[in-house]
Structures are given as C-alpha cells and as structure tokens.
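Quick heads-up: structures coming right below.
Next come two complexes, and both contain chain A; in the first it sits with chain B, in the second with chain C.
On to the complex of A and B.
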C-alpha cells in the first residue's frame, strides 16, 4: 500500500516558476492521469515525486516519509520520464539486468516477465541502438514495471506505440492497478487517459487547475 | 553497499569497457624505456663499462618529468611531450565517462540505486582506482620493457648510474625519499587533480574541466609553484633533489586537501542537484 501526499510543492528553475503550490493526495490501487499542455509542469511534478528534483518549498510525503528528509528516493518505484535512456551497446535484457543489479531486488525471471508483458522478446540479441522508437519506448516501460514496484510513473508512455501494443500496455497497467499499485501517467491522448485513469489532474502553468474523478463519474 | 553496486557498474562500464585507453601509459613506458636504454648503452660504450641497471632505474627515469624552464634566449626548452601525454591521458580517461553516465542514464540509475551520495562516492572511488591502474600499467610496462632490454628485476636503484645521469644531487636522496618523490607524490597529486577535474566536469562541463586541467599541466611545465600542483608530479623539481624545488610533503598535504574538498563538495552538490 502506498500513499503520496504532496503539500504546497513549489519549484523554480532559473527564475521560472515550474511548480506552483501543488497539493494532492494519491493512494494505491488507482491510476492517476496528468494532463496539460507541453511545459505545463506534468513532467516536473513526476520528477518531484520520483525524488529527482528538490523543491524550493512544500513537501512530498510517501508512506509517512518525507522525500529528501527521511528518504532520498521512494522505496519502491519504477519510472519512465521523457525519453527512455539506456546503454546503446547492450541488449534490452542486459540493460535491465544492469539496472536490476542496482536495486538488488529484481531477479532474471522478473526481467523476462517485464519484457514479455510489453511485447519484447527477452531472447532478442539486437543492441539498444538498433531498436526502433517503439521498442525503446517498450523497454522504458518494461524498466518501470519490472519487479512490480509500488509506485509506477510513466510520462507519455504510448506516444510511439502501435495500436496492439497500446492495448497490451493498457491491460498491463490495469492489471497492476488491480494488484494495488499506484500508477501515475501523463498522456496527450485524452481518450486513452480517460480510459485508463481513475482520477485526472489538469495541470496548467505549474498549478493543478482541475481534478476529475473518472471512477465516480462512471458510477 | 549501495556504493559497491554503483562501483561495480562503474568498474565494468568506465574501466573494463574502456581499457584500450590504458595503452597510453603502455606506449609512454615503451618510449621512455627506449630512451633510457639508449642512454645506458651510450654510457657503457663511452666509459667502456658495463653497468647493469634495474627496472626501478627505468621507472625513476620515466617519471623524472622535465627540468626547470629557464627564461634565456639561448636555452631551448624541449617540449615536454611525453610527460604531458602521460598526464593528459589520465585526465582524458576521467573526463567524459562520469558525466555521460549521469546525463544519459542518471534518471534510471539514481532511481534504481536510490542514493545520490553513494553514486558520487562510487565515481570518486572509480576515479582513484583508474589512476591507480593507470600508474600500475605504467610501472608494469616499464618493468617488462626494461627486462626485455636486459635490466635486472630489482626494485633497488643503481646510484652510480643515476649520479652520472642526474648529477651529484641524487646522492643526497635516500632510496625511501626517491620512492616518495618518484612514486608516491606523483600518484597522490595526479589522483587529487583527477578528483577535482571529476567534480568540475559536473559543476562546469567535462570539456571545460578537461581544458582547465590541460592548461594547469602546461603552466606547471613552465612554472614551478605549489599552486600549480602538476609541478609535484615532476621529481626533478622536488626539494629533496634540488634546493629550488617543492617540498614533497607539501605536495601530499595539497593532494589530501584537494581530495577531501572534491569528495566533500561533490556529496553536498549532488545531494542538492536536480536530475533533469
């Protein structure tokens, strides 16, 4: 079970206000959609939740522990933020193994499962540099979901994917949500976002301007 | 433990996968050994003698650096090419890998490893171990080339020959002092310079920090001073050998100071750095 409480989160970068007093509470077993124009602050908010940026004021509290005070990063998290970045000279499996080696909690079987779930062949001998854009995106998603972390953050995960893969990824995310994972996703495709999300936050100029509870609407 | 996981990755990607760069100290050792071998042969021929030198004589010669620059229109100062290439080879080795690892894979690595400080400490340990391997490569290569050219496999030095080549001053330098100024101080100061360069590659940029290090070494060749720490890598300019020289102990203090500052400031810098 995870709970993320964000209180008055504000961040400036080189004088520009990137996040402006963001407050929200996110709980496990739900998919949260972030929508907004390019540069609205969605990615920065995801970075802040991931522990990658340090806020000027406000706080992010995960399961009662404040980021950068009690913990440097969320304990169990998988992220895909902007472009997936991997080592070009290695295969997808090797890349994930290197990263799993850092977590120390994910075994080879879990890596294989993650790759298969997103439609990549674990036996593929091609190196990352020979991957298509879609394959790179899939590997980024596989990295985020491998070992099924409690929090999964995906920034524009389906942009470069074909229809079949999008369908597959959607099913994986819904499955993970049903297992009690807290998923945050940013997406430009309104229909897909509304289909997947339980709650949608609209972000504009670094502030949350709207919150829409989709699950209640459906009910 | 987190640091060890990062370090294992750094040694694999930053050292083993780029081990071809250790050819620099190997080539340096070969060229210096050939030079020294010629000198020994000429000496024996001229004196009709047969002085047998050791592998340590070869290494001491390779690490001598270069004499003081003199402002004199009739004095032609040789371009310190070998010494410069040796020092810059290590700086180049350190220059790009850490920053690329951060900028290209930083998000995945830091989120997976969950510690900024461990990541930085790992990079500093990687930097120190790279410098150590670089110097060991130079020593082992020098020893191998020396043995091929008939040197005795001894870590002692041949004082008679060193006096003939370096002058009478060398008689005042004990063996332990010679090891200090030709082995320990150059390694320590080079490693400290690399740590500062590593830090600068994140605070400024890799190419700029590499250029600054190059500039510092060039200035060190032409001007001997404690504030140009490259001067300490040249044992001919040590106070143990030449009264005008730099005290090697102050070199060790400067090396320790630079290393502590680089590691400490790096931890603080990374704990507050946004990973964008």
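On to the complex of A and C.
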C-alpha cells in the first residue's frame, strides 16, 4: 500500500517555471490520469514523483518518507517516461533481467510474466535493436510492471500500440489497480484516459487546474 | 553491490571494450612480430613492448594509452544520459551509487584493456627470449638502470618483475585517466569528445611538463613518460604518486559534484 503526498512542488529549469506549486495526494488502489497539452508539466511531475528531478521548493512524500531527504528514490516503483531506452545489443528478456538484477527482488518467472502480459514473447531471440516501435513501447511497459511494484508511472504508454495491445494493456492496468497498486498515467486520448482513470488531474502551465473524480461520477 | 555488478557486466560485455582490447593487442602483436623478425640475441626486457627502445612502436602504445583506456566504457555515462537509459537505473539506485558503480566499471575496463595486451606481449615473449638480467656491456640485453632511476634495483635484479610492476602501474594510470571521460560526461556534446578529450589533456600536459633538455633529467612530471617503463623513464616515485593522486582526486570530485544532486531528464 502506498500513499504519495505532494506539497507545494515547484521546479524551474533554465529560468522557466515547469512545475508551479503542485499539491496533491495519491493513494494506492487507484489509477490517476494526468491530462494536459504538450509542455504542460505532466512528464515533469511524473519525474518528480519518480525521484528523477529535484524540486526547487515543496516536497514529495512517499509512505511518510520525503524524497531526496529520507530516501533517494521510491522503494517500489516502475516507470516508463517518454521513450523507452534499453541496451541495443541484448534481447528484451535479457534487458529486463539486467535491470531486475539491480534490486534482486524480481525473479525470471516474473520477468516472463511481464513480457507475456504486454504481448511480447520471452523466447524471442531478436535484440532490442531489431524491435519495432510498438515492441519497444511494450518492453518499456513490461519494464514498468515487472514484479508488480507498488507505484507504476506510465507516460503516454499506448501511443505506438495497436488496438489489441491497447486492450491488453488496459486490462493489465485495471488488474494491477485491483491488486492495490498506485498507477499514474498520462495520455492524450481523452476517452482512454477517462475509461482507465479513477481520478483525472488537469495540468496547465505546471499547475493543477482541475481534479475530476471519475469513480464518483460513475457511481 | 548489485549496481557495481551490473555496471561491470555492461563494461566487460560492450563492443567498445573488445575494440579497445583489439587495438592494444594489435600494437603489441605488431611490435612482437617486428622485433622477433629483426632481433635474435636479445633478452626479455629488451623485447617486451614496454621496454623495447629499438623499434618505434613503444611510443605509439603510450601515446594511444588514454584512448585504449577511455574507449571501453569511459563514454557510457554520456550515452546513458543521452539515450535516457539512466532513468531505468535511477529509479532503482541512488545517483551516488550509480556514479560510484560507473567509476568502478570504467576503471576496471580501462585497467584490463591496457594491462592485458602488455601482459600478453610479455607472456608470449617470455617463451621466446631468455629473462637475462640487464648487462651494461651487451646492448641487446637491455642497459642496467642507474641506481637513482625509479625501480632500478628491481629492474637490474628481476627484469620480468619490473615489467609486471609497470603493467600494473599502467593499468592503474589508465583507470585514473579513464575517469576523466566520466567526469566530462555532462559537459561534453558527443561520445567522441568524452573519449578523446582525456588523450588531448594527456598529450598537451605531457608535452608542457617534459623537461626541455637533451639529456634525460631526473624529476619528470610528464604522465606520458611516467607510464612508460622504457629506460628513458626519469620519474621519481613521489612524482608518480602525486600525479596519480591529483588525477584521481580531480576526477572523483567532478563525478561527485555532478552526480550528487542532478536532474535525470
């Protein structure tokens, strides 16, 4: 179970205000959708939650521990932010095995399961170099969900995917949510975002301008 | 520990590591073949590329030493930043752990890519030439080093051990030099620059610091001469330690500053 508390998060890069006093609380067992135009600050907010950027002011507290003060990065997180990046000379399964080895918490079976869930063949001998755009995206998602981390962050995960795979990914995300995972997703497709999300935050010029609770609306 | 294992695995399984080893081995093999075809009655010390002053191949290896050292993995941090691969790592390890592991991997890859060709050259030549001690009256047995020279006693009594000691010293210097690539990763604009800049610094500083004198002068601060075990070495032990310490400290400082609090974009 995870809870992310963001308080007054502000970030400037080269003088430009990227995040402006963002405050929100995210709890496990829900899918949070971030929507906004390009350059609105969605990705930067995801980076801040992942511990990849250091804010100028404000804080991100995960399960009572402040990022960059008490912990350098969230203890159980899977991310796909912007383009997936892997080692070109290795197969998909080898890439995931190498990354899983960094924590030692994920076994080979879990890696295979993650690959199968996104529609990749664990026995595929092709190296990442030879993957299509869609396969790269799938591997990025598999990397984020392998071992079923407590927090899963996906930035535009379905952009390069075909309809069948999108359906498959949606089911996987809903399944993970039901298992109590905290999922954050950014997506340009409004329909998909509203279908998947329990809560949608609209971000504009680095600030949260709207919060829409979809699950309450449905009820 | 896991991140160190991860980075070392990547370093030793990279194509650039293989290319670097091949460059080093090619130079050493070429020196060995030319020497064997031209000289018969020599000893091991004279034949080994590190102390061979008959042919002009020794300087080639020692001029290219920084490239052989930096090529295997020195530019990997630059590549990780550029491709976004570091995001995969920085959500599983702290930036300082990542930087430390990178440093260890870069150092080890450089050590091996410089030391292994030198060691192979020595090992193969040991099967061809006898390990006579240097003799002042026989040029092809290698000249005895004057007592004031660095490790002269070892060279004059146990020339093979002198060679092995310098293989280790060269490996350590290669590791220290390769860390320069790592410390430059954030500042440079290309992988090529990250790999080649240490060689430029090495050559320029060595040229500036080489004593402008026809005779070898004791007390040479030039790194290029420091790592070269040929009889022209005029470095003193404390100079070698000072330069190594300075290179390591400067590189570690910049790597630490760069890694401590930075955004992974």
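Just so we're on the same page, the second predicted complex is superposed on the first by the 219 of 219 C-alpha atoms of A that agree within 3 Å, B and C clash if a C-alpha of one lies under 4 Å from a C-alpha of the other, contacts with A are read in each partner's own complex, and residues count from 1 in each chain.
Operating definition for what follows: a residue touches a chain if its C-beta (ideal position, glycine included) is under 8 Å from a C-beta of that chain, and two chains touch if they have at least 3 such contacts.
Not measured: the values here are computed from a predicted model.
Chain B and chain C, once both complexes are superposed via chain A, clash. Within the superposed three-chain model, A:87 lies in touch with chain B and with chain C [touch as defined at top]. In the superposed model, A:102 lies in contact with both chain B and chain C. Comparing the two complexes, residues 13, 47, 50-54, 72-73, 77-79, 81, 85-87, 98-99, 101-104, 143 of chain A contact chain B in one case and chain C in the other.
Residues 13, 47, 50-54, 72-73, 75, 77-79, 81, 85-87, 98-104, 143 of chain A touch chain B in their complex.
For chain B in complex with chain A, the touching residues are 2, 5-6, 8-9, 13, 104-117, 272-276. Taken in their complex, chain A has these residues touching chain C: 13, 47, 50-54, 68, 72-74, 77-79, 81-83, 85-87, 89, 98-99, 101-104, 143. The touching residues of chain C, counted against chain A in their complex, run 2-3, 5-6, 9-10, 13, 15, 83-85, 87-96, 261-265.
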